[in-house]
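The chains carry the letters A, B, C and D, assigned in the order they are written, with residues numbered from 1 in each.
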Amino acid sequence: MPFDVAATVVANLALSHDYNVLALDAPQIAEAAIPGQFVMVKAATGHDPLLRRPFSVFEILRDASGRATGLSLLVKRIGVSTGLLYDAKPGDTIMCLGPLGQPFTLVDAPADGWMVAGGVGLAPVWTLAEALVARGVTTTLFYGARRNDELFYLDFFRTLGVELVLTTEDGSGGEQGRVIAPLERALAARPADQPVSLYACGPEGMLAATARTAAAFGRPCEVSVERIMGCGMGGCYSCVVPMKSEGGGFHHVRSCIAGPVLDAAQIVWD
Amino acid sequence: MPFDVAATVVANLALSHDYNVLALDAPQIAEAAIPGQFVMVKAATGHDPLLRRPFSVFEILRDASGRATGLSLLVKRIGVSTGLLYDAKPGDTIMCLGPLGQPFTLVDAPADGWMVAGGVGLAPVWTLAEALVARGVTTTLFYGARRNDELFYLDFFRTLGVELVLTTEDGSGGEQGRVIAPLERALAARPADQPVSLYACGPEGMLAATARTAAAFGRPCEVSVERIMGCGMGGCYSCVVPMKSEGGGFHHVRSCIAGPVLDAAQIVWD
Amino acid sequence: MGTGQQAPVDLSVRIGSLTIANPVMSASGCFGYGVEYAGMVDLSTLGAVVVKGLFLKEREGHPAPRIVETPAGMINAIGLQGIGVHRFISEKLPELRERRATVVVNVCGTTVDEYAEVSRILSDAEGVHALELNISCPNIKEGGIQFGCSLGGTHDVVSAVRKVTSLPIIPKLTPNVTDPASFARAAEAAGADAVSLVNTFLALAIDIESRRPKISNGMGGLSGPAIRPIAVRMVYECRQAVKIPVVGMGGIMNARDALEFMIAGATAVQVGTANFVDPLIWNTIVSGIGDYLTRHGIKSVDALIGSVDMGKH
Amino acid sequence: MGTGQQAPVDLSVRIGSLTIANPVMSASGCFGYGVEYAGMVDLSTLGAVVVKGLFLKEREGHPAPRIVETPAGMINAIGLQGIGVHRFISEKLPELRERRATVVVNVCGTTVDEYAEVSRILSDAEGVHALELNISCPNIKEGGIQFGCSLGGTHDVVSAVRKVTSLPIIPKLTPNVTDPASFARAAEAAGADAVSLVNTFLALAIDIESRRPKISNGMGGLSGPAIRPIAVRMVYECRQAVKIPVVGMGGIMNARDALEFMIAGATAVQVGTANFVDPLIWNTIVSGIGDYLTRHGIKSVDALIGSVDMGKH
């Protein structure tokens, strides 16, 4: 059951001129959230902007005793609500509804967990990596960004024991190009009898490419899709994804309640 | 010529749970403003609330050398924009257009200047009192509020040398009742050959009563009227006041450009 | 007056033969089939749950993007994705019954016969309390608005459904016409128990970079607080034109807005877009209406409905 | 493309025989007679100054309150207060001429004859460049919208004015009808040089405490960004229906919004409510349009107008 919390902003860390991490005091949601779930956030008072916006749960914030006290969002500024979240100040109140949606399916060793993230698609990977590592799964993160200074939180993942494969579009960090290239090479190199599950989050094109690649190598793959969402609760039917139907054709599922994490093999990619 | 300034909030002093004084960094407007003029302020970014709101210039803020650096507004919270101004924080930016409108006509000694203010109607009185005192005019302020703790800035007026006649509705300060009662007594007591000009700002009922009283005693009276204003510049025709026409009847004037200060004797009071 | 201040206020209103406990309903298409919200909201506390529009058959609707936000509003072109009347009855209605929801089904059709057929099937199902006839959806080419934009079409759909059901029928009117009141009259004459309005305003938002519409279907329907002042006007006009109850909606965000519609003439209201912003809005609005009536010493909502004084100030 | 990126962009557009330097005009009733803003705005930099609606005689309009704010919009019922055509010519036109403003007068009437008479008088005055016929004001009982809500009335007013003037005439259409495009066609057939739309949407806001309308006249007209998506749709429809230019408006707050209207089909745009929020908006919009054209390598605005691709995504 989701909670709707008038969450207090406890910290707002600018990572760059368009990325920030917003920490919210929302213990109930944080306690309940599992990797891959999201929250619906209302950034403004008043009716403009009107609707809430969906954001993955990034970190779960905990006190010294390990109890969840809140959560943070990794936000990329692209429009009016993300602009308001970038400018939010500690003490501000933000309505936050969650946790919502279907989580990632966590594999078990001996399968490896390979995570593929592009840009702000890193957001759901924090909790996913933590959960996989906690299960003793060997993890790799294929992580691409525009520039080196937009590859965030590398130390966190290294400390956790996640192997990092980095790419940047301009070559200023890691390998130049898209993250799909090293992913393909790694899949090609992996013996068929060593199981591996893929998890991807990022731009639509990257998800489609990851799905294609996973299918080509016969590996299971879950993707976290991003659709424009009106409600996040299954009420508005705005967030649909076409899924393969038995016997051909497609049917639309609401990605807010059937997803956002979906089986890449079932999606009808354009 | 009015200026439109992206003014920085330099201070916000809460006087009570619904009154505050907001200091804005707007030197050009402050330099040009004369007593009775107002500014149009946009409290929100985004389109809700959409329109600016009119506020009298309260204080002119000056640096050590006496140069105007900004102005303050005395704000009573009654709705959405005044609520946003109550909550504004130093560093926030607020669009501020002004100075606008027709000022008070300043009398000269030997005439006395009597100011009549109800509630937030005190706002234009600060600069008016300063200007009258600077001309050597003997001044009295008849000032009414709901309760004693809503009679603000008494020390300022006392220090300036303004005589104070105070009333409160609940009798918790000054005389109990409305400010019109002591005003009537004072007018009745004043010899006809001692000139006095009246200046009133406050609720519509108080303005009408002041106008009636002034007329009954044959004294000139200017009132600062408050109408819902769309533009403050004469563009929308929303802010009209019916004024007596030669030969009977009335005509509507735009109180933003023909006022807000109007000759009480010319207004058609309901 | 004196006692009215103390006694608990009776918020019930009547729509034809149906009495609902309070005048606040979910708007069709904005609350799924109701069951989606059952984890957060006690469905029995709503005046009625109006479910998403249903055709005879399943429909997949338009591709995403299906909505775009606009100033104080949103445009949608879902294209009436839905599971069809049979799956609704077998998959959703049992849970709605169990949760003691008062259920109004929004009935769609591409032909007069389809409206009648869907209505007939629903009338035989247990737990459907009223039918709202969607003759006003701007987002599908066939059917819907083609009936709602013609007085004859409105009359035909309502009479056809009237013949097959004794459930209260509530044709839902479009605001995209010169005179909605004439459509309310046509619906009344054809045997409607109430009318509801407004459906969404036909609208277009263009991405200036791609020079294409922002939603896949091109045009869509505008809802939300932006349209409220127009919707209130239309509800007032319909209330003046007909004797049957008017169910008002369009941009209701809180109890004040709901009361504004009721004072304009709405016997009940529906809340659509606001539920997306605040899924816990139901209790806020219902209790806000109660508080207002208590504060004003009004004993029943009937005294409020249509009580606006349009005399000049 | 290559050179288009460097050369200064030509923003001029034609409305009948009139060429204006850029497509951005003030909307009638939202910029006074223009002269009120002359201290802040160089009036010659606007595509045109459209002045407040004028009857033959002076009018005092409705009592205050005349406006109320609504979500992302406002309702007004000014009641067409104005100084009449004769005082306009003697008191305002000389200053407008001196400031080299391109002047469009918004012409009002309670009868067809009054529209013709006011138009005739203005045609003889020096410095009036076009006439916008206000057949769509929702705020007065007589005249105005009674013509704008009937195809015959629209035709009659336009033909009558056509007989007495060679100035470009631009009937201003109401959005309060089922099919604005049919009115655009009627206006075109009667000899109009362009049509402008939208005027305001008939709307009502009620104070729930007093249960009376929030403005003195009861109903009024809704403007501002709230209505933009509906206005853009109507401009698109009219552009599809007629060959004469369409002047688009309704909630334009910035260059993006102006471009959206142009891409939908507007040859020029008008800005009303936004001027209240930002009186320096003119330069922002005009230069924003220029920047957009430069950035996209579009040499003239003509290539932009109506260029929306409504094909499915």
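Convention: a residue touches a chain if its C-beta (ideal position, glycine included) is under 8 Å from a C-beta of that chain, and two chains touch if they have at least 3 such contacts.
Remember, predicted model here, so these are calculated numbers, not experimental data.
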>> Going by the touch criterion stated earlier, list every chain that contacts chain B and also contacts chain C.
In response: A, D
> Which chain's mean C-alpha position is the greatest distance from chain D's?
Replying inline: A
> CA centre of chain B versus CA centre of chain D: separation in Å?
Replying inline: 36
> Can you give the whole-Å distance between the Cα centres of chain A and chain D?
Replying inline: 47
> Can you give the whole-Å distance between the Cα centres of chain A and chain B?
Replying inline: 55
>> Counting only residues that touch at least two other chains, what does the list for chain A look like?
In response: 47-49
>> By the touch rule stated above, which residues of chain D touch at least two different other chains?
In response: 63, 65, 71-73, 224-226
> Should the pattern of chain-chain touching be classed as line, ring, star, complete or other?
Replying inline: complete
>> Give the list of chain A residues in touch with chain C in this complex.
In response: 1-2, 4, 42, 47-52, 95, 97, 227-228, 230-231, 233-242, 250-252, 257
> In the complex formed with chain D, which residues of chain A make contact?
Replying inline: 47-48
>> Show me the residue ranges of chain D that touch chain A in the complex, using the header's touch definition.
In response: 71-72, 225
>> Going by the contact rule set out above, which residues of chain C touch chain A in the complex?
In response: 29-32, 36-37, 39-40, 52, 60-61, 63-69, 71-74, 76, 78, 81, 224-226, 253, 273, 275-280
> So in the complex, which bits of chain C are touching chain D?
Replying inline: 63, 65, 70-73, 75, 149, 176-178, 201-206, 208, 210-213, 216-219, 222, 224-230, 232-233, 236, 251, 256, 259-260, 263-264, 292, 307-313
